[in-house]
Structures are given as structure tokens and as C-alpha cells.
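Each chain carries a letter (A, B, C and D) given by its place in the written order, and its residues are counted from 1.
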Amino acid sequence: MIAIIRPGVEKTKIDALCDWLSGRGLGVHVTVGEFQTIIGLIGDTTGLDIGLLEGLDIVERVQRVSEPFKSANRKFHPDDTVIDVGGVKLGGGNFAMIAGPCSVESRDQILEVARSVKKSGASFLRGGAFKPRTSPYDFQGLAAEGIELLLEAKRETGLPIVTEIMSAHHLPLFENVDVIQVGARNIQNFELLKELGHIRKPILLKRGIAGTLKELLMSAEYVMSGGNENVILCERGIRSYETATRNTLDLSAVPVLHELSHLPVVVDPSHATGVARLVRPMALAAAAAGADGLMIEVHNDPKNALCDGAQSLTPEQFEDVAHRVREIRSIIHD
Amino acid sequence: MIAIIRPGVEKTKIDALCDWLSGRGLGVHVTVGEFQTIIGLIGDTTGLDIGLLEGLDIVERVQRVSEPFKSANRKFHPDDTVIDVGGVKLGGGNFAMIAGPCSVESRDQILEVARSVKKSGASFLRGGAFKPRTSPYDFQGLAAEGIELLLEAKRETGLPIVTEIMSAHHLPLFENVDVIQVGARNIQNFELLKELGHIRKPILLKRGIAGTLKELLMSAEYVMSGGNENVILCERGIRSYETATRNTLDLSAVPVLHELSHLPVVVDPSHATGVARLVRPMALAAAAAGADGLMIEVHNDPKNALCDGAQSLTPEQFEDVAHRVREIRSIIHD
Amino acid sequence: MIAIIRPGVEKTKIDALCDWLSGRGLGVHVTVGEFQTIIGLIGDTTGLDIGLLEGLDIVERVQRVSEPFKSANRKFHPDDTVIDVGGVKLGGGNFAMIAGPCSVESRDQILEVARSVKKSGASFLRGGAFKPRTSPYDFQGLAAEGIELLLEAKRETGLPIVTEIMSAHHLPLFENVDVIQVGARNIQNFELLKELGHIRKPILLKRGIAGTLKELLMSAEYVMSGGNENVILCERGIRSYETATRNTLDLSAVPVLHELSHLPVVVDPSHATGVARLVRPMALAAAAAGADGLMIEVHNDPKNALCDGAQSLTPEQFEDVAHRVREIRSIIHD
Amino acid sequence: MIAIIRPGVEKTKIDALCDWLSGRGLGVHVTVGEFQTIIGLIGDTTGLDIGLLEGLDIVERVQRVSEPFKSANRKFHPDDTVIDVGGVKLGGGNFAMIAGPCSVESRDQILEVARSVKKSGASFLRGGAFKPRTSPYDFQGLAAEGIELLLEAKRETGLPIVTEIMSAHHLPLFENVDVIQVGARNIQNFELLKELGHIRKPILLKRGIAGTLKELLMSAEYVMSGGNENVILCERGIRSYETATRNTLDLSAVPVLHELSHLPVVVDPSHATGVARLVRPMALAAAAAGADGLMIEVHNDPKNALCDGAQSLTPEQFEDVAHRVREIRSIIHD
């Protein structure tokens, strides 16, 4: 970490700061330039509050040199993490298609979609039982009943299930869930993340609505510092000024996260774009960018569900995407 | 709500959509233009899922005409809401200075700051007991002990207290807290908001890190739809591409929220800017923009707290700001 | 276009507005809802200033229903535009690799790169002669000499050339240039765009630094309304709050622009990411998203050019990317 | 400037880089940390291309420590710049109200507005003759005739005039203009900025649509490095994800620019908000934040100009704002 001192600060004040920093066990290294003095800090600065340092009158700016995340950092864990759910793998060269409806709506719906996506090559079934909705007046999900239906679909198809949690209070309901998802709106719900660090199930973390990649990794760090190293990162589009798509899918996140971290990275083109006809090109692009998996919304019968599935693919569309994704992966890895 | 139909869609499909919408109790009004057909929906569309409608192949775009929030909407509640905490008022012409340290650190610290800010005209004492920190390795607050110390400061000074909650699970600890704050990172923690709708204490909602004003009002709606109408909105800076300040303080939010809603609006210039020397100009600007209150970080003794209070004012600086804010308010309201 | 009237406005004022709008030759269609009145405008509203209408006291909001661009609009020109430069085609199924150095630096450099990228399958040679630099102290390009060197490379290799213009004043120097590029910083330099509408060379328009897709299409409209229909659109990353990459490459722009417009869309992964090692994954992703071409920076000899080519590929890396891009295109189109 | 080296790079490569940097006349200072090596550069790095350095394989990140702007930098010019136009001053404690219509429309209009705003205390008259419009189909201004009308208004009222230039080609028309404005869309039209560096008139630079404060200062540097030190900076709102206002007015820019630079800073609340009723609160807030001036749109007769002046104040509203601004300035400076 580097602290840049404001011009014209008296040496005694700089010395006082250096003493204080040394007292916290850090190596201190001062460089006096023509216009500015810089204090370099050597050692473990993860416990040092950057905001406090920045607030000092004599400090112009503080810049981190090494990342504040450790468990998630590829520097300290060069090998890819592989998530293994009863033999179904994700990461480290294992690609996973996670497919299913936005919300679990009924027994028939989830069973039919589960059978269909399994046939088309999905390796995980997704479906929302607890739904975070901007409006309190929108459908909030089937809750416990939705999870029961997902588990029934799992028993029938053998597909491990991925579903979202919205409160640590609901954890007992997730006992048989395979992968617990934390949504974009809860990605800095640190109390929830801490609880998820105490279990051993894989946790799929969606990037915040306007979250940085560093923040996503720090949220992973919350889970991992509790002892749960089974974390999957998910790019799902970020908020920008552009309104042509619901979110701006940031596919550069895939290779950047792979550089910074050993954790697997999946992409959700359905939520990112919000429109079914953009899902195919963005799913193929995500595969070409090197994603370890895709999360895609699929619904069973759009004809009888007039206002359902805004951003969902039909099973046929999903099969086509899954097929081309496999081909693209063979090209980028050959 | 208006649904714009894609060009060239067959009339039978449009009719099917109209029938479906009518079946949901909405008035349907079709305008056929030269290039496009538009369906206008009349009646209560708050329960209609805009995403579902947008996802239909025949729909190009959906635009809301009336806001999806009701309880927080000035159209239906023209008079300003006044928050009354044992006689201390906020909103509807009552201005409140909410001051105190970022975190409660010790008994001496919080008592000294409380006395000092009371003398300078603060009407509420703020202080963090539970701290949402991006890094799991940073100081997380004194928790229950911090709340005890705040209550002691309240007993001594009579100042009502404002402090942040991070999990509904902690609610019992907040029994004697006067105003419960929900931080920017939890503003779409809908499970927490629902719980806060079941109590009757005032809830101060901070705008999300990259939250829209509409989202802030929808979060207010979550609390209010549970029956708790005591909501205070807080602008605290938004995330933008600009890195010269920690956040971009959006002061236009003050008059815009006043137009859209009857709820009081306070501004937090300390978190927005992240630097003490920017707090004064931004506090004065917020007052000039018509804010109903200010939340300002104040610490007692920066000399002995070398690395404390990055963005905090000294009591003297706070007194100066409080004095000028009162004068500015007399100018804008005269 | 739809104008939403503020609640409670008197009927006489609404009638006055309707009369004024009718007087401008627009069909006017009033819908009175429970809480709001909406005025729908039918006919050609491209000449109506949306800002002026929005500013009226009685108007709450104005929403465009049809796009304000015509020449660039796929609705009126359903077939893909194909750019043809002496037989080298781009768009409508013709994919183009545009490769070359960021700046033309010397005769040897540009000739060597030109030969190399031609061998690897590039169809256009790019290279900057006029360089828009944020700092007046940075290298500003070889100007006229740079264009001469590009033309020499063209004579030798037969590759048509693409180079950036920064002022209409320089147009005479571009007489033998094949495709004129307008950079992100000049994309709303409307005086320049108007001048480029009077010539007949293809114009490659880079999306603004924080430009919307609609603005990009309106800039195309400036060129096309002058009579020059040879426009190529280029996604090059947008500014967001994320600092992990120089820009945020918005690949959804490719399918969205293809829906809205008949113009070809190329992607520049080099400027978007700013780092050579991210160019490959993003180039492959752009091809998978359906781009009509790629603009990629290639330099000849990184070993002897220690501080050159931050974001440039070596010829070998470019050959590898070009090869895989061809394979990906065969998958997405089969 | 600091270059952070990627972990695990061989010492010989670091040495080669250090040699190369030394060869450019820079002092080189290497710090070897536990995980990372850092190279500090001492001396004038303004001529060093940060992008080139960042692109090197062995470099992880480059961070500037001192700003790349010199002429505009307060570090080297501690005293406030005062712009003096025939005795009318702006900056260094001199506050200026710049008022007038968005566009010059007619002789009567501009003369009437000029008289009115002069009476209410404006010190400059503004009005657009050349209008940068997103759509080629919108009104583009009266051009040369508009400037003639502004000059006539100047002769009658004595108010110096401020008007926008869109191309260096038009400079001869601006011979008698007092202050030349460069709009947000041309703020990185470097060819235009260079030309404006060769004259001696004051140049008012509007921050880019999504421009950083550093970029605004670098654009000032383009003008100043040509020898023209009469530069005024203007905050006019930035692009963000928030759509409740046209732009997000970033008032923190005022104190931040005052820290970084000696140039005067004015604020344009009219373009920032796009709505007349938000101009008053934002104008007062800008004054409270310490702005050196305000640019406000005023039109003469909204009653007869039904669709004119969306974001303009009436002369009475302007007089009220001007009066309160003077009072606020007395409070913040007392």
C-alpha cells in the first residue's frame, strides 16, 4: 500500500505517521520526490482501513498495491478450484450448463423443464423459490413449497439444484439444496455471507448490480474466511447508463476474474439482457470468452404461458445453444 | 402503462394480448400509428410484471406511465410526512442535524461526541454499532455493546439515536433505538425491509450504491406496505465513473424526491465525499437544495486518534457548519 | 411520441397544447386515465424537440415510441448494408479483420505489420496518423507523413486502409484513404460528421466514450442525412464505474445494433480492454456475438520495442485469433 | 509515477525496464516487497505514455502519483486565476451570473432577455448561435446571424457575451465575442482546443458528458499549453445510470476542482437538470458549494412561446435566484 503525502507537509508530521504505521507491524519505506513524498507500506495491510488513512489531512491519496483478498486470490492458490457436487463438476476445465425457469411455479412446470434441460445437456437445474422483487406487489416466489418441488425434480432427474437464498433465517430449508445462490441485491449482505461461510455447500455469488470485480471477490472472501472454500462467481450484467439492454453484460469479467482468482466463473446471459432473443448470442460469446459455465432460463411451454418467460428460452432454443456452446469450447481450447 | 408493439405483428396476436390483459382487470386502449401500434393500459398496473410483458416476442418495449409506488407517492398523499421522535421532528419544515461518529468505539468517545454535538445544535445522535465492511478483515463494530453505549449517551444528553441494522435477527437489540438505519448495501435486502414494516419505529433508508430514486422509493414501499409509514429517505452519493470523490453526491435527488414523495429527505455528505474537507461545502449545498436534514460524521479528538475520522469533522467544524446551515435555510425559505 | 400530463392540469391547458401540436402537422390522440392524461402523437415527430416539450410545466414526461433515426433504421431498410471497398466487403455476411498498429511510427514498421497481417488473413490495414491524446504532452501521430506511409503499405499489399480523422480541415489528406474512422471523442463533433456526409467514402464510427447506442445511430444519421450511406458502426467499450479494464466492452451492442439498424457492426477489443492478454478472449467473444468484423492492434516486433504495444498482439497471436474467429463464425452461422 | 511489477518476474527483466526508464531521464527507485516489486519514478513523467507502460507483460499496474497537468495545476500556481473581460471579473472571489436563452432566436428575443437579465444582476449574456444537436433534424441555430444579434445586445446593454463554438473553421465569426464556450460534446475535440490555445480570449470549457475532472483539466491544459491561460471550467452534470434528471449534477466537482486547480469554476444547473423547476434549488446549492459563477437559461416570454424554454427560467424567477445566490455567498464567505 502506498500513501501519497500532500505537498508542503512538515517532516515531523510525516514522521509521526510513519511511527504510527510501524507500530502496527508494517514495514515503512519513504520516497522523497521533487514535489511529493510517498510512504510505501510493506507487509500485511489487509487489516489496515484504507478509508481512515485517506482521511488524514496530510495524506493526499492512498493506493493499494496488492489486493485485499487472500483466500480467493490466485497469487496464493495458483490452481483452479473445482466444485464437485456428487461427481458433477464445475471449474478447472469442467463446463456446466445450469438451466431452468426463473421461478418455480408448479410441480408440472418444474418437472417438465427439468426433464427437458437434462436431455439437452444441462448439468444443474436452477429455479427460484424465493424471489427478490423490486416491488412488494410483485410475485415473491413459492418459498418452501418451491424448494420441495425442486427437490422432487432432482430426485426424478438426478440433476443437482441451484436456488437462491434471501435470508440466513431460511437456511434450514436449504438442507438438501446442492448449490446456494446469493443474488445481486444481497451480495453485500455481509451477515448472510458470514452464515454461508459456516456451511460447506457450494455458494454461487452473483456480482452486485453495480458491483466491481474486487467487491465480488471480497464477498467471496467473506464466505471463504469462514471456512467454506466452495465458491462460484457469476457475472450477470452491471448497471450502466445504457438502457438498450436491462444490464450491460461485462464479459471481460471472465478473463479478468480468471487472472485474479482461482474460483470458477459462470455467466448469466438471461438476467443480463432481459430479452430471450439476446440470450443466444451472449451465451455463445460468454463461452468464447472462457466462462466455466452458463446459467440460462428455460421454460417449458410458452404457448400456454402467454405472459411468462420474458427472458427464457424454449427447450428447443436451449438445446441449440447448448450444442453450439460445446462446439465453441472445443475451438477455444484446442 | 404502455406496451409498444413491434412493427408488422399480426392483428390476431395483438388481440390475444389485449384479451389477456383485459382478463387481468385492466382497461385496454389500442392506438394504431403509421409505423407502430401502442396498447395503453388503464387501471392498477402495480401487480403486473413489466419484465414478463417486455419479454413477449410481439412487444418492442413497455413504458410505465404512473409510478409503481403508492404509499410513498405524493400524488396520493400530498402533505409532507413529519417524523416525530418524542417531540424531535424531521420533515415538513422541521430540519434535523444528525451527528456523531462513524463507529461507536468507546464509552468516553461516544459520550464526549454526544455532548459536543448537542451543544452545537444536533437533534439526533448517530453512531455505528454494526458496521457493513467490504472486507471481512476490517473492524466490524462493537455490536450489542455499541448499542448499549449509544443508549447511555441518549440517557445523558436526551438526543434520540440513529443506528444501522444489518440483519432482522438483531432486531431485539434495537428495542430502545429511536431511528433504525438501513445502509446502502442492504437497501434491497427485501427480507429485512419486510421485517421493518412490522414495527413502528422510524426507518432511515439510504439510497443504494448505484440505486435509482425509483428503487429507493420502492424500498420505502416495502416498509410502508407492511404498515410502517415512518420512513426517512437518505441521499448518500451514488457510484459513477468519477474517482475524484468516493461517491458522486446527487443533490438533485433532494428536489426530485420531494416532488415524487411526501417522505422527508436527508443528505449524508460524509459518506458521499469520503473526505472531511469536502463535507462543509457539500453540507451547505445540501441545505441550499432543500434537504430536511443532514447526517454528518463528527469525532471528538482527532489529535489523539491519529488514524481516526477520515471523513469526520471536529466538533468546532461541525458547529461552524451547523450555524451556516441554519442561515442558509432562512434564505431559501424566506 | 407520448406526452404524459401532470396530474390535476386543467383541460383548457391540455387543449391549448393539443392545438399547438396539431398545428405542427401531428395527429393528436388523448387518453384520459384514472390518474393521468396522456397525449399520443402520430406522424413524423423527428423534427419535434423533445426537450422543449418536456420543459413545459404541464408535462410530466415525454417518451419516444419510434426511434428518431430513419436512414440508419432497419425498419425502413430491412436488408443488411454491405460496404464494398474495391471488392473487399464488410457486412451482410462478409466478415472483415481490420488489423494494424495503434500508430504509424515508421516506414519499416507499417510495411512489416501490413505484410504480416495480410498473410494472417486481415482484409483491411489500420494505423493511426492523427492520434487523439488526452494529454497535449503525449505523442500526437505522424500526421500527413503517417498517411503517406499507410498508402505505401496499401500499394505494396493491396490492403485497403482505415485511419482516423480529427478535423474536417484535414480531409484533403484523406483523398486516397479507403475508410475514414471517427474516434470516440469526436463522435458528437457534428460539424465533422456533416462534412463526412458530403463525401462517398465509407465512414467507421466509434461509439462514444459513454455514448448510447441511440446516440451512435444518430451520429450515423448525421453522415447519412448528408447522402453518404456507407457507414460502419464500431463498439469499442464504454465507460463504467469498473476499473479492472480500461473500458467495459458491451458485446450486447452487436445483436442490439443489428436489430435496430442495417449497418454493419465491428468490435475493437484492443481499445476496449487496453491489455493484450484480454484481446484474444474478447475477440472470440465478439465473433460469437455475431460481429461483422474486428479491429485489432498488431505490432511487429515487441522485443525491440520495449515500451510499445501495450494492447497490441504479436503477428503470431493475431494469426491464432484470426484462425479461431473463422472457426467460431462457422459454428454460429451453420 | 509508480509501476507495480507482476509477481514472479525475473530480476533481469525488471533491470531492463529500469534501464530503459533511466534512459528517459527519470529517477528510478525500486522497492522489493514480500509479494510485489514496485518501481517508483521521480522527475517529470508528463511525457511518459502511461498506456504503453501498462501494456508491458511484466507490469501489473501503473499509478500516477502526481497529476499530468501543469499549467492548470494549483500546486504550481497557488493563486486563483481571475478572468477579466473589460473590467467584468470572474474567479478569485468575483462571482458572475451568466444568463440568457438557450438559443438566439430573434432580435426581439435576445434584446429583451439581455435587458431583463442585466436588470436582475447578470454580468454576462449567454446565447447559442451554433447548437450541437444529437439529431440532424433538430434546429441547428442561427449561426452567423445569431452572433450578430448577440453583439447587438452587447452594444445595447454593455453585457459581455458568451457563446459556443463548434468548429475552428468558424473562429473569424467570434472576433468580437468575449468568452468562447466549448460544449460537452467537443471537450475532447483536441484540434479545436489547440486552435483556441492560439488566441487570447477567455475559453469556457464544459465538462464532458461522461468526462472526469482530470480529463476536464487536461482539456484546459491543451488550451493553456498553447499560451492561452484564460480558461473557465464548467460543471454541467454528468451521465449516470439515474434517469430521474437529464444529467447528474456533480457539485462536489466545485471544491475538488478548486483544490486541484487555480482556474475558476462555474456551474450550469439548467443543462444539468433539464427542467426549469429544478434550476432554483440546484443554483442555490452550487452557490453554497462555492462556485465562482452560474450559467442559467432565461427566456423572456414563456406565455407566447408555448414550446420554448423547457429548462429556462422566466426573468422573475431568475431575479429571485440571483438575489438569493448573493445572500448565500455572503453566508459561506463570512
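Here, a contact is a pair of C-beta atoms (placed from the backbone, for glycine too) under 8 Å apart; a residue touches a chain by one contact, two chains touch by 3 or more.
Predicted model only: the values in this text are computed from it and were never measured.
Set against the Cα centre of chain D, the chain with the most distant centre is A.
Annotation: C-D is the more contact-rich of the chain pairs B-C and C-D, by number of C-beta pairs in contact. Centre-to-centre spacing of chain C and chain D amounts to 26 Å, using the average Cα coordinate of each chain.
Chain B and chain C have centres, each the mean of its CA atoms, that are 39 Å apart. The set of chain C residues that touch two or more partner chains comprises 210, 239-241, 243, 277.
Residues 210, 212-214, 238, 240-245, 248-256, 259, 272-273, 277-278, 281-282, 284-290, 324, 327-328, 331-332 of chain A are the ones touching chain C in the complex. Across the complex, chain D is touched by residues 16-17, 20, 46-47, 49, 51-57, 68-69, 132-139, 166-169, 185-186, 188-192, 194, 208-210, 215, 218, 221-222, 225-226, 239, 274-277, 306-312 of chain C. Interface residues of chain B facing chain C in the complex, by the touch rule stated above, are 2, 4, 7, 29, 31, 33-36, 38, 40, 42-43, 63, 65-66, 75, 210, 239-241, 243.
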